[in-house]
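Two complexes, one shared chain (chain A), two partners (chain B, chain C).
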Partner chain A sequence: MDIFAQVIIDGLLTGMLYALVAAGLSLIWGVMDVIHFAHGEFLMVAMYLSFWLGFLAGVDPVVSWIASGVFLFIIGALTYRLVISHCIGKSAMPPLLATFGLSLFLKNLCMNRFSPNFRLLQDTLLGGKTVMIGSVVIGLPQLVTGVFSLIMLLALYYLIKKTRLGWAIQATAMDREAAELMGIHTDRIYLLVFGMGGACVGIAGGLMTSYLAVHPEVGSLFGLIAFLIVALGGFGSIPGALVAALIIGLVEALAGFYIAPVFKYVAVFMLYLVVVMVRPKGLFGW
Partner chain B sequence: MKTTRFQQRDLVWGALVVMLAALPLIPGVIGNSFRAHVMIMVLLYASMAQSWNIVSGYAGQTSFGHSVFFGIGAYGAGMAVVTYGLTPWPGFLAGALLAAVVAVLISWPCFRLSGHYFAIATFAIVEIFNRLFMVWDWVGGALGLDYPILPDGWVNFVWSQTKVGFYYGALALFVLIFGIVRWIETHRLGYYLRAVREGQETAESLGVNSTAVKLSAMAFSAFLAALCGGFFVQYNYRVDPPMVMSLEMSMKFVLITILGGLGNFWGPLLGAMILIPLQEYTRAYLTVLGSGVDLVIFGLIIVLMMVKQPRGIMGIVTDFRARRRRAGALPDAGA
Partner chain C sequence: MKTRKLLAVFGLCVFTLGLFAGGALAADKVLKIGVVFPLTGPVATAGQRCVAAVETAAEVINNAHPEFNVPLAAQEGILGGTKIQLVVADHQGKPDVGKSEAERLFNQEGVWAMIGCYNSAVTKPASAVAERMKRIFLSGCSSSAALTERGYQYFFRCAPTDKTESHEFVEYIQWLNQNQNAGIKTVGLIYENTEFGKHAADEGKAAAKETGFEVVADVAFNPGATNLNSEVQTLKAKNPDAVFGACLGGDYTLWVRTMKQMNWLPKVALNYCTGYQDPKIAQQLGPDGDFFMGGTGYSPEIGAKYMPDVAAVEKIYTAKVGVPFDSDSIQEAVALLVLAQAIEKAGSLDVEKVAKILRTETFDSPLSLGGKVAFGPGGQNMKATSIITQLHGGKYMPVFPPSYAEQAATVPMTPWGKR
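Moving on to the complex of A and B:
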């Protein structure tokens, strides 16, 4: 029973982190209908930034997430301005392939500059510390990251649902031309959405470096899982992304423990396939 | 009018094949050289992209799962040679048939999904296959299959002295796949496919069984992609899961076709003629700058291409023709 509780807690904490990574993708996908293939690589960039800040300047991930959040906001906005705004339109393929090219570029640039080695920050503020609840051991960095991701997600949800900016984003998502006629500068909204998507992974990546090693391939898996979460939750839905992320986190932890570690992602992908066969638009899609 | 255009096109096609077939006869063009390697890769990747073009270009179902079929074909040949000690030929056939069956089984439920959901489902399928093959001992697991040393020739489909054999093998594959697509294009299935792409409901209202049409396109496509996989493993003398069943490999099918021109007969060849030499030459000459530089450049080119001309090279050609036609005054315009 204790082991079961442990696995569940681990799964939920992973899920919370996934939720923040996926929220950025969900926003971009929902508002702009763009499959952002470089999302995972943005996460990798954020992790490298946070790692080097910690390694060279001694800035702890507890602080450097701010820097990586801001940096990835800028990267996201730049990506929109320089690449996406030129190829967005009728077909979904050009932005997808352009971001795939960007992901190849970023991944291999980091491979070339930083070598394929795994790098883990030593002696971080949270690293290695644990909290005991009953007999369940929770890693402090995982706990802080998970809870913080949840807070960020709530803030994002509030922004979308309750502020004038959020309404403008929703209006743009529903009908770009109509929103334009209502005086919404939709190009600027797109820029902002891409930046916010970047900021989400920036924050997640910044926090993660206190317990996860960074390497050039780290983004690929996270990116893929983020895709599954968004599609599972129904695209554009942030509560959907949260629920889907928690489910995926749980399935990953349970399958990894009770079946075999090598099957944890197979179980996750199978789960996705089974769900979309039953609900072709995801759990919360319509 | 229409028939003359078809004849003209087939003439170009025939001339191209004859020219390619004659290339090794000219001394110095193809020996055991790097250029031969690049030529073989161009033909192989053009064939792969064309097989993808059937289902994604003509039928409009964007699949990111073709590396699975490619991989099944590769393992078919690899296991025939390494595990069972046969020639690769029964492996080619078994792999291709199995790939077609798997494609139909996978696609049947997936075709209900629309747009992005279909694409994401195909990503998931690639990852599932990749991870299962990594731990499946019967197919060699993560270590993969390594070929023993075999005598050269068509029986074993290996040549270690010169690349001419592989060149003709790739050319045969190229002629087969482009020929089949040419045939599909001008026959009933091709019209059905395009009808389903342009409007599924409309096509169905005219009596086209859209599911059957899409499934047969998928089966053809997977069968041909698997043959390419079989060739690929023979050429590399080894196979492991990341080499054939990866998202990167799937993306090559997509990229080459889109770069050349989606749903166009010449698109895959044009795309391969540009991307593959670029990839091979940067890989060969830029390694001094460290690993991964070739893919950095490759990535940048893809981004630039999508920003400048999302419809690919055929888009540039169409634009050029349209501009010439608009100029109008030219007597031979619009020929």
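Moving on to the complex of A and C:
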């Protein structure tokens, strides 16, 4: 029973982290219909920023996530202004190829500048600390990251559903032309959405350096799983992203422990295939 | 104005001709060697270090270094002045890319021989290309024993295999049971789900079973995983006394940190040529990396005592990558130094002659722990030696065999809470 509880908690914490990584992608995909291939690499950039702030200036990840979030907001906004705005609206392919190119550029830039070395922050405030609930061990960095993810997702959900800005984002997502006729500056909304997508992944990346090594390939699998979560949860749905991420985290943990560790990603992708067949628009899709 | 233009065109022609002529002249005294490693992708760090090691060996061979006590260092080049020119390629850790790069290097770049590929999964098809073309292929550190069980005539490997290391691991835990009353009865394995990992695990399981140890956990994982929670949880549930690990780079750090998070450790953790051997990773893990063990062919501590001639050569290497040689990278330098010696002994670039010398002769190798290199059937270096080390304060301290041991190993490993 203890082991089962441990596996469930591990799965939920992993899922919460996935949710924050995927939330930004869900927003971008849902509002703009842009498949942002560089999302995983944005995560990597955020992790590098957090690492260097920790390594050079001694700023702990519990603080540097703010810098990572802000920096990735700017990077996201710049990406929209300099790349996406020139190719959006024509067909799905140009933004897809542009972001794919951007992902290669960012990965190779980091490889070139920082080498492929694995970089690990030592002596972080949370690093190595655990919380015991009965015999269940919970890593404090994972717990804090999970709680942060929940708070950020709630904030994002509130912003989208309860504020005028959120309504403008929803209107733009539903019908750009109609939104423009209503006086919404859709170009600025897109800029903001891309920035917010970057900020979400920036915050996740900033926090993750407490317990994960940083290297140029670190974002690849996270990026792929984020795509899966968005498709599973439904494009543009923040609650969908959270539920899908928790499901994926749990499936990964349960399959990994009760079937075989090597099977955990097989189970995750199989689940996705089933959902695509049964409900192609995802669990909470519009 | 017209005359000026004519003069400019003439000048350009002369310059271009000069370039080609220079190249042709230089080509007479250059021997191209293909060097294929993962320069991008998940194990790019290791690949880049391997390339730096081969470059270091090339610098030793090409320039006169009479102060080095290394074969061919005192002279300039081989065969009376021929310089080694390396043609470097990146296989990204992908077997198909490695194969096509091998074909490109032989067919288009015209390399005479090849060195590579770090990943056993890539060395396999790339060396098959060389064998088909009857060209020499040297592997420094690809450790899958299957590579030298194919009966190839032109393939040679310098490092010990996973099979050798597996036998050494079980021999060591038997010794620990006898001499340190370690009480090790069960073994678990954690390994990446690749050619290297699976092969190492198969050898580990076979060696453990042969010697009467019960294998209670067999945990394969996907390299580059976002977490290793299920993997460590599985190990923890089975609680093996000894764990054999085959986790490269970032996966190794994740494995160690996840074990810390789960507050679990086996009595001993022995690693194949993996993240354990990377001094940078050991440094970054800090005290968390201590008391883990692994097969090691070189570390600065071992070098200082048993391989004194490495230090001078190592300076060239360290200037390139900022860290000393590790067990893997140094084997790639050995590969080029041995190849150059074989060519020098053959006195020509006749592939058959050089291959025969590689197969039959023994070479001095101050950069190898055994001091010599001699290839046996299938191309395996019969003199390859590795010793078991344990990390103490970031230093690789030899603990086995007893003739090399500098201190008794800390067994069982010190628990996380008491470090």
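Annotations
In this text, the second predicted complex is superposed on the first by the 284 of 286 C-alpha atoms of A that agree within 3 Å, B and C clash if a C-alpha of one lies under 4 Å from a C-alpha of the other, contacts with A are read in each partner's own complex, and residues count from 1 in each chain.
Here is the rule we use: contacts are C-beta pairs under 8 Å (C-beta built on N, C-alpha and C of every residue); 3 or more make two chains touch, one makes a residue touch a chain.
Just so it is clear, the model here is predicted, and its values are computed rather than measured.
Superposition model on chain A: chain B and chain C are shown in a clashing arrangement. When both complexes are overlaid on chain A, the residue A:Met111 reaches chain B and chain C alike.
When the two structures are aligned on the shared chain, A:Thr14 is found in touch with chain C, with no touch to chain B. Within the superposed three-chain model, A:Gly256 lies in touch with chain C and out of touch with chain B [touch as defined at top]. By the touch criterion stated above, A:Leu273 is placed in contact with chain B alone, chain C being left untouched. When the two complexes are overlaid on their common chain A, residue A:Gly282 makes contact with chain B while staying clear of chain C.
Once the two complexes are laid over each other on the shared chain, residue contacts for A:Ser135 go to neither chain B nor chain C.
Looking at the shared chain after the overlay, A:Thr163 reaches neither chain B nor chain C.
Contacts of A:Gly101 after superposition on the shared chain: chain B is touched, whereas chain C is not. The superposed model built on chain A shows that, among 93-101, 147-155, 165-173 or 219-227, the segment of chain B colliding with chain C is 147-155. Chain A residues 108, 111, 116, 220, 262, 265 lie at the interface with chain B in one structure and with chain C in the other. For chain B in complex with chain A, the touching residues are 62, 109, 112-117, 119-121, 123-125, 127-128, 131-132, 134-135, 247, 251, 254-255, 258, 262, 289-293, 295-296, 298-303, 305-308, 310.
Residues of chain C touching chain A in their complex: 40-42, 44-45, 47-48, 193, 219-222, 224-231, 233-234, 237, 249-250, 253-254, 257, 260-263, 275, 280-281, 284-286, 288, 416. Per the touch definition, chain A reaches chain C in the complex via residues 3, 6-7, 10, 14, 18, 108, 111, 115-120, 122-123, 128, 130, 137, 139, 142, 211-213, 215-218, 220-222, 225, 252-253, 255-257, 260-262, 264-265.
Only residues 29, 33, 35, 82-83, 86-87, 89, 91-98, 100-109, 111-112, 116, 220, 224, 227-228, 231, 235, 262-263, 265-266, 269-270, 272-273, 276-277, 280-282 of chain A touch chain B when the two sit together in their complex.
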